[in-house]
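Next come two complexes built around subunit A: one with subunit B, the other with subunit C.
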Partner chain A sequence: MEKIIEIKNMTYYYKSFTDDGESQDIYACRDINLDIYGGEFVALVGHNGSGKSTLAKLLNALLTPRIGSVTVFNMDTADKDNLFDIRKSVGMVFQNPDNQMVASIIEEDVAFGPENLGLPREEIVERVNWALNSVNMQQFAKRSPHRLSGGQKQRIAIAGALAIKPQVLVLDESTAMLDPQGRREVLDIAHKLNKEHGMTIILITHFMEEVMESDRVIVMNKGRIEMIDTPQAVFAQADKLVSIDLALPRVVQLGNMLLQAGLDVGEYCTDIDALGDKLCQLL
Partner chain B sequence: MSIVVNNLCFTYNPRTEFSVNALIDVNVTINDGEIVGIVGHTGSGKSTFVQHLNGLIKLQSGSIIVNNIDLSAKKIDYNALRSTVGMVFQYPEYQLFADSVGKDIAFGPKNLKLPQDLIDKRVNDSIDMVGLDRSVMDKSPFDLSGGERRRVALAGVLAMQPSILILDEPTAGLDPQGKGEILSLVKQLNKQLGTTIIMVSHDMNEIYENTNRVLLFGEGRIIDDCSTELLFAKGEQIDKLGLQLPTMASIKNKLASRGIYLTGRRVEEVFNSILDLYSRNSRGADNV
Partner chain C sequence: MFRDVTLGQYYPADSFVHRMDARVKLVLSTFYLISIFYVQSFVGFGLVTLFLLTTIAFSRVPLRSVLRSIKGIAVLIIFMCILNIFFFDGGELLVDWWIIKIYLNGILSALRLMLRLVLLVLGTSLLTLTTTPVDLTHGIESLCTPLKWIKFPVHELALIMSLALSFIPTLIGETDRIIKAQKARCASFDTGGLIARAKAFVPILIPLLVSSFRRADELALAMNSRCYEGATHRTQMRLMKLSIRDAIGTLVVILFFTAVFLTRSDSIIAQHLPLWIKF
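For the complex of A and B:
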């Protein structure tokens, strides 16, 4: 696979000012080294304040490194001349669906990106249709976003990012404010885009259940990368995850506890039915 | 008896083409000191229901009596009602507005026109209760983390000393640690002060582990009202509504269908129950 994003010895700190007017550096990301490959589905997890959202913003030059470098499709994010092309390559969807609507009609909202690329009208129409189709929201094109559910709004936000035709889509806690059904809708769309269009997906979340289907999991803690591995290998390190305030899915917790107690329930069970079957045999 | 609701119906935009029947003939009694979970799909009427309980929505038909305050009366003492029923909305940290934490928490008691020393005491007590350090008092809410801000918002509600606390998705958007902190705080309020807790949540695992009784809403009606254990043991009804079964409940149900009965709702409890059965079985096998 082709390396599309390369982060080298990257550190980012925010400047914060105390009441006395003194400045303080708050480190959000420290010494990050990370490569992302084309077509991957990567999950980025960490507790609140672990630096995962800051890292996301560094991927499409919303922030630029204080130390080290971030290179996206061979473009240095610190070089202002690359900004336009980087933002075209890396689309971003944020947490709160209500904060991401710019127009009062859904198709106009989705058209906002391509309009700003200065594309011809026919192409804009085509892209909007394609984007709405990809998230199964075509039938809502002429409606207002206000009466949609959270999951539907978030799918419109994804369509808005898709209309730019990015090669990478970053979902920054885009499921955090949704109900379970809405969360499922958004995840299904992300997996579909990954499988059918080969789009690289970077899913940022603190729901450990959501990372089970990803290719790689990146675990962040206090601004540093703690682990990069497959979901199974990450879940196997239960103690480490708990020590950095991450909870394992309950089914994995139970499986791990049973294994440790000497019951042969099989390695790192992430499937409720499979664990249930094993237990039926044992009990 | 703390909350009695009879034949409650509510229609949004009545007599227009946008009219929606949000609540249809809701009947329920919630006793003092209970921890009740409210679950149901988006649009099933959960929020409309809880907003009735502290008078945010005016009664259209039916009756509600909350701690002897009759909400169908012509004149309602809203001050008394809102000190009785505390409401913590979704993402309550977005509602912090004062320039310091202390002022924000004092807002409610101040509006009750309490004397200053009593206001100060309530503010201090609430900060202690939510487990924050009193030094946050002079900070701006915006200098706190998300979890801390949510606790400040909760402190603002607790400063009204409600005997009934309604929480709408209290842990949404928090990381596991933040979730645990809020939930143990809620349980502690129930245990120590006897506060009645009504918790709306989409997280079935959370409902399963923290409530004793569940009201299941669907299309504006309460379609089931029973013990938490029983509701999730029935399984199919939850499935049919597209709600997720709690992880431990689905494992227990799977085993129950083969005649193996586990107890407990938290992971550790179910784990212990499995070990217990396992060791009994192997001891039984040894005897034979």
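For the complex of A and C:
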């Protein structure tokens, strides 16, 4: 697999002012070294304030590193001339769908990105239809977004990012404000895009359940990367996860409890159905 | 309060007037407004009213919905009329009692003023009843395009307008949440005098303002992420196309405007008409 994003010795801090007017550097990311490969599904997890959202904003040059470098498709994010091309290849969806809507008609909101790219009208229409189709929202094209459910709104926001046709899609806590059903909808679309279109997905979340189906998990704590590994390998270090306030997914917890109770269901099972099957075989 | 606010007072229907191009409607409405202030004779006013009623009929908007718009300015109209009746002299003296003197011209001018205001409000509200705010914004943007030549930020203003429109429902929801949160902490919004009530709104406005700034910040990030770089090399998906409808509408307005022009007392034709037409 080809390396598409390369982060080297990157540190980011922002200035914070105390009530006395003194400035203080707050380190959001420290000494980060990370490579992202094309077609991967990467989950980035961490507790609140672990620096994961800051890291996301560094990926499409919304922020630029103070020390070190971030290179996206061989373009340095610190170079202002690259901004447009970087943002064209790295799409981003944020937490609150309401704050990402620029128009009061869904179709026009999705068209915002392609319009910014300066595409001809026919292609914009084509891309809007394609993007709405990809998130299964085509029947809402002419409607207004504010009557939709949270999950549906977030799907529109994803369509808005997709219409730019990025190679990488960053979901920055995009599921955090949604109910379980909405969360499922968004995750299903992310996985579908990854499998069917080979799109690289970087899913930022603090729900450990969402991590299980990813190729790699990056665990962040206090601005540093604690672990980079497959979900199974990460879940194997349960003590370490707990020490940085992250809980194991409930399926994994259940599997572990069954193991301790003397039932050999195998280690770190991430699929509830597989766990059920194994249990049935044992009984 | 929670009906579809983004639509403003838009009355959804599929009619001749609804389907006209927003730009054409804006230009024709301007002509209509000019004609209201151009007419002087009551025959002229009759023509304008006739034109308005015909347009309403073709728009399939119930007359009652259009008339509702007058309610808002009824007090203003009455006040202006009273001023005109009492403080306008000239013409025949009709009432002379104590310090009150009412002249014929006063009554006539009050009547004209009333008709102008009513026709003005009805006409403009017909425009907003038959055109969605989104279409209006696009129409205004398109009509103002020539202003780009003098570096007027047409695109930016249109974007601000459309952003404002799309955030109205969100902010209303937010206001509602804040009110409920304050009520849960025993705030009261419907007791006390006017000043006490106004003061009660401060704890609603401040959180609303703070959260609006936060939203604006996030929106800016989201827009940047979607490659927004201002109006340069930007294209538009929306296609505005003129149709035969717009041509017919324009023709009708031109005919109407000519007729109004002819009823003016100083026009050549009016000089050959009987005297009563000049009032």
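Quick note on the criterion: the second predicted complex is superposed on the first by the 265 of 283 C-alpha atoms of A that agree within 3 Å, B and C clash if a C-alpha of one lies under 4 Å from a C-alpha of the other, contacts with A are read in each partner's own complex, and residues count from 1 in each chain.
The rule we apply is simple: a contact is a pair of C-beta atoms (placed from the backbone, for glycine too) under 8 Å apart; a residue touches a chain by one contact, two chains touch by 3 or more.
Predicted model, so just to flag it, every value in this text is computed and none were measured.
In the superposition on chain A, A:4 makes contact with neither subunit B nor subunit C. In the superposition on chain A, A:193 makes contact with neither subunit B nor subunit C.
Of the two partner chains placed by the overlay, neither subunit B nor subunit C lies in contact with A:59. Using the contact criterion defined above for the overlaid structures, shared-chain residue A:180 touches subunit B, although it does not reach subunit C. In the superposition on chain A, A:92 makes contact with subunit C only, while subunit B stays out of contact range.
Across the complex, subunit A meets subunit C through its residues 57, 60, 62, 84, 87-88, 91-92, 94, 96, 98-105, 107-109, 111-121, 124-125, 128, 144-146, 157, 160-161, 164. Residues of subunit C touching subunit A in their complex: 4, 6, 133-134, 159, 162-163, 165-167, 169-170, 215, 218-219, 221-229, 233-239. Of all residues in subunit B, those touching subunit A in their complex are 41-43, 91, 145-147, 172-178, 202-205, 242-244, 247-248, 250-251, 254-255, 258, 260, 267-268, 270-271, 274-275, 277-278, 281. Considering their complex, residues 47-49, 95, 149-150, 173, 176-177, 179-182, 206, 245-247, 249-251, 253-254, 257-258, 261, 263, 272-273, 275-277, 279-280, 282-283 of subunit A touch subunit B.
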